[in-house]
Structures are given as structure tokens and as C-alpha cells.
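One chain, subunit A, links the two complexes that follow: it is found with subunit B in the first and with subunit C in the second.
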Partner chain A sequence: MAKARGTDGSLLHSLPWTMASLAIALLPHVPYLPFWVTIAFIGCSVWRYSIETRRAPVPSTWFRAFLAMLCFLGILATYDTISGVGPGSALLATMAALKILETRRLRDQFVLLFIAIFLVMSSLLREQYLWSLPYLVATLLFIMTAWLRMSGNPRQPVRTSFRTSGRMLAYAAPIAIAMWILFPRISTPFWSVPIDTSSGVTGLSDRMSPGDISSLSLSNAVAFRARFDGPVPAGRDLYWRALVLPRFNGRSWAAWEPTFRAGAEEQVAVRGDAYRYQVTLEPTNQQWVPALEVPYEWDLDHTSMGRMQTLNRVYPIDQRMRYTVESFIDYRAEPYMANGMRRWFLGVPEGSNPRTAELAQAMHDEAGSDQEFIRAVLRKFHEEEFFYTLEPPQLGSDPVDGFLFDTRRGFCEHYASAFSVMMRSVGIPSRIVIGYQGGEYNPRGEYLIVRQADAHAWTEVWFEGIGWQRVDPTAAVAPERIEMGIAESMFDGIGEAWGLSAPAEWLHQATLAWDALNARWNEWVLGYGPTTQEALMNSLGMEEPSWRKLMLTLVAVVAGLTLLLSGILMLRFRPPPKDRATVLYRRFVKRTGVEPRRGETPDAFAARIAGGTGIAEAAIAKVTSAYLRARYAESDPASLDELETAVRAAR
Partner chain B sequence: MQRGNTLPQLPIGKDSERAALENARQALGEIILGKDDQIELALSCLLARGHLLIEDLPGLGKTMLAQSLARVLGLSFSRIQFTSDLLPADIVGVSVFRKASGEFEFQPGPVFSQLILADEVNRATPKAQSALLEAMEEHQVSVDGQTRALPEPFFVVATQNPADQIGTFPLPESQLDRFLMRLELGYPNEQNERELIVGEDRREMLSNLEATTTPDALKALQASAREVHMSDALVDYIQALVRETRKSPDIDIGLSPRGAQALAAAARAHAFVRRHSGVYPDDVQAVFTAVAGHRLKAAGNTSHRTAAELCQHVLDSVAIP
Partner chain C sequence: MFSIPWRYRRLPRLLQTFQGFATRRARRWARKRQGTDSTTTRLTARRVYILPTSVGLVFALTTFAMLLGSMNYNNNLSFVLTFFLVGLGFVSMHTCQRNLVGLQVNFAGVEPVFAGQAAQFEIAISNDSKSPRSRIGLYLDGITTEIHDLEPGESRVFVVPVPTDCRGRVPLYRFGIRTLFPFEFFRSWAWIHMDIHGIAYPAPVDIAPRPPASQMALGHRQHDERGEEDFAGLRRFVIGDSPRNVAWKAYARSDQLLSKRFAGADTSSQWFDFDDVEAADVEDRLSILTRWVVDADRASEDYGLRLPGVEFPPAHGEAHRRRCLEALALFGLIEEAAANDG
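Let's look at the complex of A and B:
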């Protein structure tokens, strides 16, 4: 038997609300979903609505099954899988679209609204921004309103519906917040949400080939934020090391795989005061962990120091991480190195960049010592016509030769590369370090924002007994880049010469304020994990919060809040004042043990309970009659007494 | 225990008015078998000075009820069969030129009676309907620019046939509102039907029926019916019911203030017919379907299919104060 498929236009006023709820819930997914899913959703909605306006039947079961199969295959073809956040939300979206097509009654719309809630929640698996929460709350408000519109009186003003749903959300909010604070947080590996990070985050590259880049665009994306416990080091000391490129093939530099090296920490000796700071690192999908040179202690899990004094993590950083590092600016790293190791830092391919090798040799002979030679090279960069620019000309087959002798224009990578090649040519071990330099201090949040634009490359040279020493040739060419940082240079007009254009000042201030807000959000809300929870619980007086303790507290608090809210609601509800007759009659009703139905008259009630309660029929009749007379007939004080007597007698 | 046992009643006593009403009720009950509730409602409607619309299939005794009401209450009776070619003049009457006197003389139409049976009122054109409805509302008619008062009491019983809606002009809501009550008679039960088949001819019974009261006494009864005590609690109840009809999602158009007045008047009259010492919730419930049923417009998606179901739903959703 075919199921009824007709529509009668009765959903005309509720269907747009349901569809709008779904659309709002779907919106955060749209940029990630295959295009055709959105089209399918819109198509199904429009189709369904026109069906309702025409009072036409909804499509047949077979046709819907066919469409469902088609969508399923489409998703399989798009993603090659059906598990994961992407295909999962695509499936959910198509399910919602197809469910609209078979919606014929209010009940089906309830299902759709549940799907809408699920959809908007699942968008959190992708991204959790500051605006995600307001968006979530607004969507929930809309969905609840859609619910009210559907089940309530259609003529109710929309504002009233919104107010009602807002009130309901407000009642639920304290309980939700209590749950969020108290629900036991478990370390992530235990139950991991498959956060979708396939969209690739641009970060540091483990290759560097300055000759191939003709225009470097500076990305304003935040790389990490650092909050210092004490004073912030001066701009020229802010060298955030991430990875080291020791290998050179004549054209480009490459890194070693991030590895662990036993005893790497013992190679570092530190002096002076430590800087202690917390880094909130945005996901990079890489294993490099940036830290101020040189890190001495850190608390990020699965992270150790590699052979280049950088921090490497075993697992790629696939979500936002927060860690504390203690760094020393005054340090001595790896003062003694085996010859075999040293040769790695001297490698220049035979015959590449011959003019550079020649020049280096000549300068070295002239300088007399290695230290003098370094100074001479830096002086050369500083005094001769070398320019710092973000739009350098491309270089040919011997890029260092081309740069040093012909173009003389480049950014940090060019200078670091040229400098390093010159060092190596005369037998000084050197390597290129990639990381970030500087950062902008955000006075509103009292932390340092380090953006992708602050990415930097510099060199380190090694001397026996002294170890690795940082030399930043860029500082010789464009000292402002180091002293002031990218952001400040931009506003000072200096950046203009490099090819930078500054945004409006107010816009920049707004960006800083927004970033401060975001940072707090990341810190307190998104970063609320087991550690923060434990700290909070400790400060609230709970010692050693265990899973069990938290759960019990949660149950107690939620129960308490529920009671409190119900209490408030009950207090706010004012029952109509009862008169004496009603009080007496209620006493009698209570004694019968039967509750009158809604809308049941006392007479009907008496007829119903007669003979079933152990109270004599006559007594029941007497009470009822007396009550009716006392309450509804012309007022007569005697009738009240009569009622009282009758109630007392009815046992 | 029977329903209604606990409701305090006033004695009939020596009150001749009340005795007459009681007799009328009994006489009607002898002719129209097994329809005591409907008879009570019809009497209540009349005592509340309202008009009655009876909606049911042919042959269920609509006309019989109207005729016997007229007889028993001693009212002048006329019947207007509504057809599609009925003209307003056929209802209210015309001015005829008399050669002898050389003047126009008004020939009153059937509407100049105390009880009018408007049979199949939805068969006539809206023009004809509105002539009757104006008379119902104003208790007067205007012919040739002259306003003529109708006799008192003036009571219209209209019937319409729900199953036969083709070629009809259904009464619009605004005109349905003029009727205080709408009743459905329904089939008699088996025993009563048997009695109808084998018993005395109803027409004969009707012609033998004697008036138990006079038009003047009836007017006095109507005045007394308005005097029945209505407590604040009961007014609250009526208001709660009216409010419910307005906010219920099952109902598109709820009761108007006029509907609320009608409900109160009908409940009073019903309490009077039942000789209750005050208006009880039971009286309100008894008249609610008849008074509200034709005034409510059900929402498109309601699950309550008939007006009676809808009204019962409203009664079941409102607590009695």
C-alpha cells in the first residue's frame, strides 16, 4: 500500500521557519562542503515549499530512495570515504535536504529541527572561533523559536516567540555553564575528536630557496601568542627558533627530519636570567615547536630537544597548543663538536657559486681572522648598495653569485643564504635558522602576537669552545626590521621601501583589540582542559579533583540549579486566590484520593467517584451540592457552614 | 450516582410561570422523543431571547421541533420555505395599491409572526437571507422607507441541511453569529424510533397540543431568566473558556465579546430552565457546544474534526475556577 503523500498547505507557516533553521545551521559548513551539497539543499527546500503551495503530493518513496542513493554515491565520489568530519557533515546536510522532501507533518519537522541542532554542533568539530559561541546561541534561539512557531499559535507575534525561546535558553544557561565547568575533562588522547585540519595551515617550510621567490606576501595570520611572566625582551633579542636548515645543494637549503637526540640538553649551558612565557601555538600540522632561543625547560607533551637545539614534537601540532617555556638569551650551545658532525655544516657543492667562494676567500685573507671576516662581511652588507625588499628579482643558476654581484636586492633568506655560503666557503661551520623574529606587543592583552609575517631566517656560525652563535645579516642591511619588527616598520613608513603597505591605524587598533579578545577566549574557553580545570577546582577549594569528585559535584550543582530555577519559576507564578469554599472543597477532594480532571465539573466529579472511594454517595452529593451553592449560587453565609459540616462528615 | 443529582435546584412550588415552563418541557418531550437535552437547549435559547439554527439531515424532526415549540408556547407561527428564487419581499411583505381606497396598503409578510421557521435557510440568495437576518437582529423591518416593529416575543428557528451543500449559499460567519445557538438533533435511539413507528401520528399529536403559556407570560419568563445569579467564579470560568478559544492552536478564530455575552446569556437561561439556584459550570458546559460551535473557526491542522469535538477539547483544557 502506498503511503499518503498529499499535502494540504497546513505547513505553509511553519515550513519556512524549519528551513531557515536548517539553513542557518548549515551556513558554517558551506565553505567546506562540496558545492553540490549546498545546491541540493537549496533545491530540495525550494521544491518542497512549492509542493506545499501547490498542495501537490511529495515525491514517492522510490524516488526519494533513489535520490538518497545518489547523494550517498556523490559523497563517496567526492571524499572517497564516508568517515570523518567532512563526509560526515556532508551526509548530514544531504540527509536534512532529503528529509525536507518527505516532511508532511509537524512530527517530521521536529526531526528536522533536531538535525539542525546536530548540524550546527558538528560545525564545532571544524573550527572553534570566538564567534562560534554567539553563532551557536543565536542558532539555538532561532531553532527554539521555530519550534514554538510550529507548535504554538500561528498568530502569535514573532517577537513574543523569540522572547519565549530566549527565556527558555536563559533558564538553561546556568546549567549549561555549570556542566561546562564541572564536567570532568579528560586528556585528549583518551577521546579524541577528529578535528578537521586537512585545509592546510601555512607555516614554516623545511626548505628554503631564495632564488625562486619574486614576491613574498606577508600573511597576517597569527602564528602564536606569547605571554611573558616578567618583562618582555627587547625586539632584537626576540629570535624564536623553530627549525634549522643545515643542508645546502647550491641553490636551496633543507632541514633534517625532526628527531630526538639523547643528551642534546646537556650541550647547552645557560647564564643570566631566564625568561618564562606561555606560548599559545596555532595548529601548523608540523612538528616544529617555536621557542625563544634557547629553550631550557618546557612542558609540552611528547616534545624533546633535537640535535639543533630546537624543540621537536613527536606528533604534528594539529590543534591549538599551549605550553610554557623557560628560555635563556645568554647561552652557549654545543661548544665542542666532532669533526664528522662539523663537516655537515661546511658542505657547499663543488663548483656552485664560484664567484662567492672567490670573494669570501679574498675577504677572509684580507681580514686575517674569522671574527674579523664576519665583521667585514656584515660591513659589506651594510655599507655597499644592498637593499632589503620583499619583491626581489629572480635569480639564475648560481643564486648566491647572482644576488651578491648583480641584483643585490632581497629579504632575510637571501642575506642568510649568502652569508652562510660565504662562511662555509672559508671553513667556518654555519647553518640557517628559520623561525620568527620579533612580534607585536598587544597592550590590550599584555602579550606578544607573532604573525606569519614575522617569519625570519638568520644564520648561526660555530667556533670551537664557543659553540653556535647567532649572526643575523639582515640586521646589517635593514636594522629596522630587527629593532622595530615588521608591524612597527609598516606604520613608520620604513616598510614602504620594502614593498609593505600599512593598513589604517584605527583598523590596526581594532585588530589588536579583537586579537586580545580572541587570545583570552582561546586561553580560558577553548584551552579549558584537564590542567586548567584542576587549577580552577583547586582555587575553588576542591582538593585533588578526581573524576568521581567532579561528577558528584556536577550532579549536585545541576540538581541545585534545577531546584533553584524551578523555585524561582514557582514563586513567580501566582495562583489565583482561593476562597473559603474552594479551600474546603479541595480538602474534600484530597480526602477522596481522586484528582478531578481538567474541565470536570464538581457534579461530574461526584458522579465519577461515587461508590469508588469509601465515602458514602449521599455524603459526596451533600458536599458537592453545598460547594456549588456556596460558590456559584447567591451568596449565603449559611451555605459555607453547611459545606464545612458536610466536608467534615464526608469520611 | 446520576449526573446532575448534586446540582441544587429550586422547588417549582406555586410559581405558575415555572410550572408553565415545566409543562412545556414535558409536552415537548412527549412529541420529540429522547431529545431532552436539545429541547432544554431550544427552550434556553428562546428564554435568552436568541435565535436558533438547527442543522441536521432531513427527517430528523427539525420542523417538528419548531412547530411544537410554537404550539406549546402559544406563539403565532409561520413557516418560510427558503428557495433560491425567494425575494426579500416574500419575507417582509409588500405594499399593495388598493383601487377602492386609492392608497397603498401594506401586506405584512410571514416575518410578522412570533415564531418563524425559516426552513433550509441556506437555499436562498444572500439578499433574501439578509432580509431575515436584519429582522432577527433589529426585531423590526424596513419596507418602503417605513420601519415596522415585529411582534414580541420574536423567535426565529432556521434549519439548514449540512449534507446537501450544492446549490446553496452557506451563511457567512457574521450571520451565523446572529444565531444564539446551533443544534444538531441526531438520530433517535432504537427504542424511541420504534415508538415513533408504531405510536401515534406526531402530526395529530401536534394539532392536539395545547399552549401552556401565553406570549406575555413568556416575556416574563425571559425577564426572570436574566435574573439568575451568576457568581464571579463563573464569570472567571466563562472568560477562561473564551480566552482558551482565542489562544488555542487548534482554533483560528476564537469567540468574540458578543460570543462571550451569548455564552453567559445562554448559560443563565439554561440554569433557569433547570431551576438551578445559580449558574453552575455544568450549565456553561451544557450550552457551550451549541453556543460556540458555529462561532469558532478550526485551524487547518487541527485533529478535531467536528465543531463538537473542538468544543469538547476546549472544555477539557480549561480548569474550572
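Let's look at the complex of A and C:
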């Protein structure tokens, strides 16, 4: 069946707004979408708009089908799949672009607006920032305005449409908030669809080559935030262990696959005071869970202690997680180890870094004991010409040799690596730990921000009966790095020597304030889950909130709010109030017991009822004349009182 | 873009049948419940009905899907979006209904038409509240005739055309007022049953036999030209009287319009007599008479109409024309009560 393809300009009052709301809904997707999808959307919108202004026909069905095919293949070629948030939103965007081309009637725009809502939804699945909420409300305002313009009076000014839809949103807001708070949250998803993670996450990886961590040190991205229940440990004790790298191939260090090891907790003996803190971890897409030194108790699901005394999670951390950990700084880990196991921590490839091995052997012979040897190596780093820098020179095939004997400039991973190789060369089991060191205390939110810049590498050495002991060679070279942390040394001027430049102080303060706001946002809005909900309900007086109880409360509250809304609307649309004179006169009429006829004047009514009721004729005349005066004479406030007394007297 | 395979086409038809049945039942129920309305009616909340539209159902389905998505991803911001949409649904429902409640509906009259034309019923709708009412539409048998916005205090006449096919009274048993405002998620409407009707005159035949040209008509003209009429006195001026017959001198004296009457004026005009029309069928006769009346009126001639039982002496003018045509329209019809609607 052939359809007329012509346009008549009747969409000019609504289509631009529909396209605008689509564009706004698409905006957060743009960085993730293939470039051509954005271009296609803009192209189709502009083309369609010019078609409408020129009253030209829309492109033919065949041409549109061809375009649709092309776009579909394009998406398939870009993503290899069409499921998931990434390809899904690309598909939605191209669908919107093609549908814009096809739109001829006013009501075709319904589909476009539904697509816009879905686009907003999928952008929220991908990222949820503090500004996502205002963005979501603004987009909704645009969409609903476009909706009004599509279904409303074509001659209505845009401002009126915006005001009306703004009012609708304002009315809807209390219902939305109540439902948001009360809707029962469940912690486990029904089914798992991977959320798009194509955007790279900066952070630690399970390999460490020279230069890996120093590349992180300029990143201001937040790794996690920690809120301590009690006092915050001193900076030099803030060693956040994330993963342990036991394998060395002569150049880089590598971790084992994160595994569960039965009884790993029993290998750890703790002493002293526990630190209890809550970590809000940003997504890493990795399986390790950073915790202060040695964790003793934790509440993160699917998480257990691995054989390296670190926490591993069964599923990668693909969204922000919050967990509480109890850690000890004074501990003894794995005091006894089988020989076979021990050999893993001694491995150095044959013939790699020969000069280092030689030096270590010589120093060990000279020192006499293992403990003395360690002290000697640290003293060497401290006293000789070693420099701590974020921009270390390139290293050749034997990087440890090159670092120790030639360049002597390095970042924490260079020192840790060199130290560990020296230990292994003389038969002391050692391993590299990577994680974060320090963190900046944010007084505005009373929590510790640990950034990617705080990434650090250090070593642990093992002695029979004592277990693993932390040794941080960086502390010997740049003690300020450990004592003060990256952020503070940056502002102290010390960081300058390492290649760090500090931002303006006010900017830093603003960053801290913004971060505190974000932390609160993450905690109260994004992190609102079963636990938070239960706590909130408890504080509101609901005992043991169950799914049933919450749902019943939700229904009751929403019903109440809807009733309120109905009342407000009733007031808005109420007929004009009857004036006082009419009210008084009606009272009198009621008292007479006679119903006035249609169109009967008060005088005629008075004449008709005269004598028929128990009321004196004089009183009736008085009421009638007072009413006529109050009603029709210009502004005489006294006549109202007169009417009132007359009505009262007429019995 | 897509066409439905032939074997599924029956389903929509079945749905339509069901919908028609449901609508008829609902209308009958509402009629019984509301009774006959006066020609001045205010819409109360009790008589404004509301149902979701197909767009509203799609919207609800979308919202439900989004709720499932939000629950699955435990995404608090998409919960916000979802619940905002739910809230908008509630707001839309109440706004839609309140948009109608309180409107004042008045019957503003209907002009007579000839059978075959549509009688234009004028319904005045006034918004005496302080807020504007948007997208108010009047409809008849499911077809919306006009949609307007009503500003606060605004009163507006909507026209409902009712097609006629035969002469007689044209009742408007029922019409509806509806709105889809704000987002077309809901349709709220009110049915109004006023006891109002217009009149459809018989359709004038296109080709009519010549009217009986009585000599008296000719005589009248001759008299007129010669100025030999027998003056028979003065009477009060009636709209439709010829200015020639106005007693202007008397007007100048007394400030009162008077018409001169002439003896034998009754016989000086043409008579259209039902019994004289040469047609077998009553309706044909009425149509021919209508044509004569219309033509004579257009020519500003005096004419009289004689129907079995009624007689209109010759005269002319709008009022006379109306009386005659009305008599033709209602000739032989039993005045039926307006209760026979279904």
C-alpha cells in the first residue's frame, strides 16, 4: 500500500523538540558510541528538519530500509554482537536516527520519545555520577515537554509547555522519592547481563614491570575511600595490600591467579588493636580486594583470604562495592612454610641480572646474618646516590642491574624489585606486594581518600618462625613519601624533586569538598541497598522491615500522596468562590422552605412567599433589599453586615 | 511499515466487536445512572470517566520493564527514573480527570436545516476556574469534532454537526466531552444527555411544478401599481412587513411603527395548498411545498400555506417563513418523547 510521503510543516512546532530531547538523551553515550553513529544521528536530524521546512517528501521506504541494513551491519562490525549496553545503545541511537527520517505524523513521535527514555535509562546503567541526577531530571523535562508539544495545542508558546511539564514533574517528584525510599531492594540480580566495561579502568594490574606504577602516580582517580570507626593509623602504617607478586621472570613480576585457600586465616596470628573501617571501592574489573595490611574479618560477599593473605573475590568488581574490614597492623603470617612452597619465593631466572646477584652475595658475606644484610641493603639505598623519581630513565634487558649500577633513579617498583632480587639471590624468600600506601584525609567528610596516585609497591621477606615481614625500600630512599604520603609531599615542595607538581591550594580544597560530596552521594544514593534501607527503616521506627511491610507502606504512602495531589488539582480547578452575599441569601432562602423558580428575581421571590411562610413580611423585604444592595450596589461593605443581621433576624 | 498477515486480521475485528459491545453497554449504564441533564450542566467528578489509552498502556509496560531492569542491575539512579515515570503516570491520570471536572456546559442553540444537511448544535463550554483547561474536545459517536484550549474564565462555543436524512425534529440524545491532556496516557470523558433538538425542514425538491399562480396574486400586483388598494386601517408593525406598507407619517407623529392594512389582502397573495399539489406521496408534496415557500421567500413575495388542519395566512418575512417551514417539517409527525435512545 502506497503512502503519501509529503510533509506539510505541521511537525515544525513539535519535531525539533523531540529531536532535541533525543539529542540530550544521547549526549552521555557519545564518548562510548562509534563516531559514525553520532554523525548519522545528527545527519538524519538535520536532514529531516530541512525536509519539514521545505515541505519535501520523506525518503522512500527502500532507501530507509537500505540505511537500516547499513547501520545494523555497521554496529555488528563494530561490536561483533548486539547485546549489552554498548551495542544496545548504539542500536537505539541508529533506530532513533532512522525513525526521525520516517516520521511523518505527529503521533509517530511517540516512538521517538520512548527511545529517548530508553537512552536515558541505558546511560544510567553505564555511569552514575553526582550530576547524573540533575541530568536525568533535565532530560525528563525535555522529553515530557516534547510530549506535550506533540499532543497539545500547536500554537502554544514553548515557555508554557515547559512550565506545564515542569509542574507535572514537580507533582511526580514526591511520589518518585517515596517509592525510591520504600521500594524493597534485593541484593542479588535475577540474571546477569554484562554492563559495558569497554572504557578502560585505571588501576593496578597483576603484572609489574618497571614504569607501571609510576604511570599511575599522576592519576588523580579515586581508588577507594575508607572511613575508620576509630582513630586513623599513622601514615607510615597505612599499607593497603591488594595483591602479591611472587613470580619473577628477570624483568617483571607477576601474580598467581586469585584462588581460595582453605585455612589461610589460621596462618595469621594477630596482636594489638584492631582497626575497623569501611571501604568504598571503585570498580576495578579485577578480583582482588584491597585491605589494610592483614585483614581479620570482612563482610564482602564471595570473598575469601587467598594464600598470600590478601582478599580475593570470586567475581570481578564491576561496580562500586562497600565492605567493612577489621585489620591488624601487628601480625605474624605463615611462620612455617613447606620447602616446596618456599622455593616459589626464591626463584630468579638463571643468568638474569648477574651483577646484582654478585653484589648481593658479597654484601651478604660481609654482613654475616640475614637481618644485618637487610639493614645493609637499606643503608646502601639511603646513603648512596639513589634518587626517587616519577620519571625514571629507560632500562635495558637486565633492568635490576641497570637500575642498581647505572641509572640509580627509580620509583617504588624499582627499589622493591631490586631489593627483592637481592634477597632471593642470597636465599631469603621474598615477594613483591602491590597496593596503595597512605591516602589523604578529607576533613570535610572525615574519611581517607586513596587515589591511584597512592599506588605503591613494597616487599615482604620471610623468616622461619617469624613469617612474612614487610620491608619497604622506598622508605629508605624517600622517607617523606611514606611518612607524609603523596598528596602532602606534593604540597610540601618535596614532591617537586620527584617530578610532581602541586595544584593551587584553593583548587585542592575545592577538589576535597567535591570528593566529600561524591562520597556522600555514593554512600546514600548509589549505595542505597538492602542494608542501608533496613537501617533507615529502623531509624524511622519500622521494626524488621520485610518485603511485605515495605510494600504495604509504599502503597499506603503513594496512595496518600496521590490523594494530596488530587486535592491540589481540585483546588487549582475549583470554581470561583460564591460571594458572601450569595451565601447569606441562600441561607435565608433555605429558611423560607420555598425553592426559587428558575430565573426568578429576589423581588419576585419575596412577593411570592409573602405571607406563605412564618417570616414577617418586613423581614423578608429587609433581607431582599439588603441582598440586592450588597450584590449589585458598588462597593458598600456596610450592606454586607446589614444583610447578615437581616438574615439572622428573619425567622 | 508492516502489514498483518491475513489470518490475524480477524483478531482486530473481533476486538472491535467486543469494544463496540462494551461501549454500548457502558453508554446505556451511564444514561440510566445520570438521567437527563438540564441545558446548563456542570461536570462533576461523579460523571467524568477515565481509562488508559494505548499509549498509556505502552508507557506502563515500558515503566514495568524499566523497573525490572533497575532491580536487576541494582541501579539506584534508574530506580529514580522509573519511579519518576510512575509518578508522572499518576499525575497524568489525575490531571486528565481534573481537566474536565467543573466545566460548565450550556446548550447555545441550533439553527434549523433542510433534511440532508447537518444540524449544527452549538454547545458553549465555559471554564470559570482560575487555571486553563487544555485540549478539551467535543465528540459525537466517537468522532471528535473540535478541540480547543480554554483559558481561565473563557467560554467557547463548540459546534456538533448532526447529520439529518429526513424532516422532523433532530434530537441530540448524547454527546461527549473528552480530553487526553497532558500526555495522552489517559482519556477522560463525560457523556451528556440534554433534552435538546433542532428541526430539519423537508428537503426542497430541485425541480418543482410551477406554483398555482392564482389570479389573485396577479390582481394584487395590479392593484399595487395602480394605487387602488382599499385601505383598511393600521396595525402594529411585525418584522417581515414590507417597508412600503409602513405608515411613515404615523411613525413621525407617534414614534410607533405601524403597518397599513388593506382590505382583501388575504386574497391578494398566492396560496400554497397541500391538497392542490400534484404528487402522490405526502413527503413529495411537502418537499414541493417547501420549494415553493423557499422560492417565494427569496422573491420577497407574500404567500400563504394551507395544510390539513393548519393555515398560515399570506405574509412574508423571516418569522413567517420559519412558521411555515416548521409546520411542514413537523406535519403529520407524532411528537415523540426524547426517551427512545439506545
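FYI, the second predicted complex is superposed on the first by the 547 of 651 C-alpha atoms of A that agree within 3 Å, B and C clash if a C-alpha of one lies under 4 Å from a C-alpha of the other, contacts with A are read in each partner's own complex, and residues count from 1 in each chain.
By our rule, a contact is a pair of C-beta atoms (placed from the backbone, for glycine too) under 8 Å apart; a residue touches a chain by one contact, two chains touch by 3 or more.
All figures in this text were calculated on a predicted structure; none of them were measured in a lab.
Asker: So which one touches more of the residues on subunit A, subunit B or subunit C?
Answerer: Touching more residues of subunit A than the other partner does is C.
Asker: Figure out whether A:Thr624 sits in contact with subunit B (first) or subunit C (second), or with both, or with neither.
Answerer: first
Asker: Return first, second, both or neither, reflecting whether A:Ile117 touches subunit B, subunit C, both chains, or no partner chain.
Answerer: After superposing on A, A:Ile117 lies in contact with subunit C but is clear of subunit B.
Asker: Touch check for A:Glu366: first (subunit B), second (subunit C), both, or neither?
Answerer: neither
Asker: For A:Asp406, is the partner it touches subunit B (first), subunit C (second), both, or none of the two (neither)?
Answerer: neither
Asker: Tell me which partner A:Ala604 touches in the superposition: subunit B (first), subunit C (second), both or neither.
Answerer: So A:Ala604 only meets subunit B here.
Asker: Would you sort A:Ala176 into first (subunit B), second (subunit C), both or neither based on which partner it touches?
Answerer: Only subunit C is touched by A:Ala176; subunit B is not.
Asker: Pick one for A:Ser151: touches subunit B only (first), subunit C only (second), both, or neither.
Answerer: both
Asker: Quick check on the output: what are the common subunit A residues between the subunit B footprint and the subunit C footprint?
Answerer: Common interface on subunit A, subunit B vs subunit C: 151-153, 576.
Asker: Enumerate the contact residues on subunit C facing subunit A in the complex.
Answerer: Interface residues on the subunit C side: 1, 3, 42, 55, 58-59, 62, 66, 68-69, 71-81, 83-88, 90-92, 94-95, 98-99, 101-102, 128-131, 133-135, 149, 180-184.
Asker: Under the touch definition given earlier, write down the residues of subunit B that touch subunit A in their complex.
Answerer: 1-8, 229, 231, 233-234, 236, 247-249, 252, 276-282, 285, 299-301, 315-321
Asker: Of all residues in subunit A, which touch subunit B in the complex?
Answerer: Interface residues on subunit A, with respect to subunit B: 8-11, 106, 151-155, 576, 579, 597-604, 606-607, 610-611, 617, 620-621, 624-625, 628-629, 631-635.
Asker: Could you pull out which subunit A residues touch subunit C in their complex?
Answerer: Listed in rising order, the residues are 1, 61, 102, 110, 114, 117-118, 120-121, 124-125, 128, 132-133, 136-137, 140, 144, 147-148, 151-153, 156, 164-165, 168-169, 171-177, 179-180, 183, 185-187, 189-191, 193, 195, 319, 525-529, 558, 562, 565-566, 569-570, 572-576.
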